[in-house]
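What follows are several structures.
The same chain A turns up in both complexes below, where it pairs with chain B and then with chain C.
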Partner chain A sequence: MALAIRRYNDILCATKWFIRRDCRVFSTLPETVEQYPKPQVVKEQRSSRIRANASNPKLAYRQIYPEFLPDPNPKWRNSLREKLERADMLKRRSQIDIPEFYVGSILAVTVADPHAQGKVTKFVGICIERKGCGLRAEFTLRNVVDHQGVEVRYDLYDPTVQKIQVLRLEKRLDDKLFYLRDALPEYSTFAFDMDPEILPEGTPVPVNAVQVILKPRPWLERWERQELKGVANIEEHLKEKDRVRRELRATPWEKYDLMKTYRKTIPVEDQNKIWAEVNSQLEQLQLTRKKMSRKRIFNTPKVQLG
Partner chain B sequence: MATTNLNILRNALNKLRIDHVFTRSFQTPKFRPPHWYLPKDRVGSEESLTQENKKFIEEVMQERMKAQAMLETESPLSNIDTSQTAQWNPLTRRVGLIARKIGNYPLWSKDGKKVQTTLLQVVDNHVIKYIPPEEFNPMIIRKPVWKEKKKLGCLLVGAETIDPSTVTKEYCGLFNQVGMLPKRILCRFMVSPNACLPSGTPLFATHFRVGDHIDIRSKTMDRGFQGVMKRWGFKGMPASHGVTKTHRRPGNIGAGGEKARVWPGTKMPGHMGNRWRTLRGVKILRINVKHNVIWTLGVAIPGETGAMCYLFDTVLPLKKHKTSPPFPTQPLIKDLPLEYYDESIQPFDNNSITFEET
Partner chain C sequence: MLKSLIKKLHVVQSSCGFHTTASLNEVRLLTRLRVVDNSEIGKRAMAEGKPPKIICVYNKQRVGYIGDRVLVAIKGQKKKGILVGLKQTQKVKVPKFDSNNVVLIDDNGTPLGNRIHVPIPTILRTILKEKTHSKGADYTKLLSIATRFV
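So, the complex of A and B:
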């Protein structure tokens, strides 16, 4: 019976995978990860302030380069330190191409390692977390290697990182994908020899609406309390007790807590200053990246022919 | 007989005099307050100021700021001729710097290791006054001291220029004597007489070199009245298993018997932090010349972000200067490189680190 369920799950998963990959372009699902409306989406009727935000392309940077915004804790703010930190980040970015990626994207990271065989290691995995401000920015990759889950945390600005390559650029429904640790292993298994999927220029970042299937309990965290959108079968494993406690522990008022959101965000005026400071250099880096990607497109057919 | 009795009576009555009875012994203070220790904060009322007066004050302020800025670039004080002055030897003591702690962020070493650093900004430091050792006598001494001591002079250094109208006249007077604007921080550095500097000399972050070790003195974070677990790291007691009302308490504080009292120095709850502490032997990893910022190894520098720190040459015997540092200080040079890195640190604009196969 269990085997049958497992097989059924496998088929379900495979069909979902197939459907997702084919219909990704036509997907009309709302982008929940993105909180601010994009310029194309914004209509004329919107209030002038929102329009001002959306028409400012610099504010789109907060999605692509979240680590350029400092930690909002006022105890740690200092304008000079933030400026020096940003200058160092740009210096590092001029040496290595750090591409745009999100939680849920699949990355390949090559790192210099004195203990490895060829003094270089490559790891492929799905980005399950991205956090930290400034030079402390870090991300975590997860993969399943030989039936064993592996997670590696990388510093984004570590000079031992040789190359960061985005194999599949996409977003997921949640901000953190820690639930993949309790999900079936096929959701976090990726081949190390995966080919990069190149999106046509100008397309918005696709949102992968896949819902993972969790393994039965015990779990590492109480997933049912976290309002996850990317989990399909969370209710199956819950008892009545868990549902009651979820209701008790819920904090539905928090999204209306203006002070809380204020303390967790950098004000728009500060952001404008920051983006104005780094804008020109970031644009130049983007231009060089585009040139490089064109070269890559030109090169690929040659390889295939050979 | 009668006279002796009378004498005894007179003595007894004498002792009964109220002005004869000492209730508290008076001790003379050991130190006299330094002459620059003056009331600083001024409670001024802006009401009597007219618009014209305000404008005038602003104008004067602007002019004086300009004059001080000129001092840094054009004054002969900033171009100290190092060959003329006395030579450095391991026993001389140089002046230190006043810096502000502005935060922490990681750097990477050349072998790929991540090191946490603290950033210290040297803010607008100027020498205010030098008091030679003969005139500098903070101790009140009754008896003459015959033993000759190694005498150090006192160098006053100020940091962060402020608006003169916000401080008292007496405090302003200290700076007016040497033609400077008043500073928010005024600090005393004990220096060897040959390391003295003329007043008005600007001090920069290049006073120290990359790779040097320094001592950093500042006030620790104020944590208020704290219990024994946070203040002294006691273990406390279990949360359960029948323990009631004693989860974070110290437990026993002394034994009975002969020593039936609390011994002096017993670790107890009390005020934690806001104390002067010195962290010795901190390595300098990187220096920014333009913004006068020093990157130091480690995050253990006392105080929160924005705290003032005093930086000295280290006194640790193994980490002391082996060769002569900039003596008496590094003058302003126009065409210095923007940044200095320690040889163990990987600059961010270098290529990525690769390891050679052996």
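So, the complex of A and C:
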């Protein structure tokens, strides 16, 4: 009986939520790539998105600060814990500049290292995954060093992280770039002494539409079943059997599953509350960051003695 | 219907009918490794396409973790080695590599080669220092032949 009531409630909420708004605009999921087939189209889409968000600018934050939104699973919701975590995150952000970055951006992370002699280690790599919410938010960097693929996972709010620098701010065609493990090594090779590329202010985040070339099988995962957009040559390596099984395993109806989308997202009301709570402090942090970046740009060269 | 579904779930949970070693990328008995130093035997074994096989992991769990000592079969000989990089998912800030790397050592902990070509995790500095006893083998010699730490 209780179960029936709960299910009924669920459906009621979902219908309400769906009737109210176009669900896409406020989804907490990473943006689907269908919106960005080509970089030329991106600009129009972007501007339309910005216009949609213009009525509520706070909602633009969910792209930049995804870890401020809690896990939508009702089992793990706890409003008090979420609030405390948000306060802690803001405190940490006031200490260290955590920049805006996405999966596909190239980052340099400097960490205090108790094992090293110099006491810090710096790692440069492409962000292949970003997950977790609250203080447990983490991201994974991948690079190929001396012909050896290396991946390091970092906590975003780890107190030993000294500096996070975005060397190249861009997005890729997929939400997760695990296929780089099976791709040719040049697609994940980045120099440790790379210079940061500065985007002019106000430009949308560019989408890098590069398609990687996979090595022949065996692969680590069944990439052919994951509908990847950033891979060029999956079909070359498939046999008839794989194509048949992909068809059998495909779930094309899932994108119409409203209940599933609803359970994976945070409703607009909840998001509004959260963003209203953190808005003022985030804006202040942004201002200070702008000031700092201006300082860096107009730095006068030191006069050399002698 | 619901009952049958629950029953099904229970069955799945109680009996683990699938192998987890391969998906966890564990280093166990008979795992193939990659020799990353420039010792003569290691170089030849890798060039011939006969990478060494683990025949013993010297710890209680018999699953090799980073910095563990292993006994490998390489070109018909038994050699000891130290795991310096694993495919398995690692803890935060510990690097995960694309291959399972090993550096060959002799019984005193002295490496057989004199150069390591791939990056070495910095956490090995602490791990190997802890494993070294004052009168036993000295494993920290391995760190001095490393070229790069990540």
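Everything that follows uses one rule, which is that the second predicted complex is superposed on the first by the 245 of 306 C-alpha atoms of A that agree within 3 Å, B and C clash if a C-alpha of one lies under 4 Å from a C-alpha of the other, contacts with A are read in each partner's own complex, and residues count from 1 in each chain.
One rule holds in what follows: a contact is a pair of C-beta atoms (placed from the backbone, for glycine too) under 8 Å apart; a residue touches a chain by one contact, two chains touch by 3 or more.
What you see is a predicted model, and the numbers here were worked out from it, not measured in a lab.
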item	value
Broader residue contact with chain A after superposition on the shared chain, chain B or chain C	B
First (chain B), second (chain C), both or neither touched by A:241	neither
Partner chain in contact with A:114 - chain B first, chain C second, else both or neither	both
Partner chain(s) touched by A:255 [first = chain B, second = chain C, both, neither]	neither
Partner chain in contact with A:138 - chain B first, chain C second, else both or neither	second
Touching partner for A:146 - first (chain B), second (chain C), both, neither	second
Partner chain(s) touched by A:75 [first = chain B, second = chain C, both, neither]	first
Touched partner set for A:154, first chain B, second chain C, both or neither	second
Shared contact residues on chain A - chain B and chain C	113-114, 155, 158, 160
Chain A - residues contacting chain B, complex	75-78, 80-81, 84-85, 88-89, 91-92, 94-96, 112-114, 118-120, 134-136, 155, 157-162
Complex contact set, residues of chain A against chain C	111, 113-116, 121, 123, 138, 145-155, 158, 160, 181
Interface residues, chain C side, partner chain A - complex	36, 85, 90, 92-99, 101, 117-119, 122-126, 147-150
Chain B residues within the chain A interface of the complex	102-103, 105-106, 108, 111-112, 114, 119, 121, 288, 291, 293, 304-306, 346-357
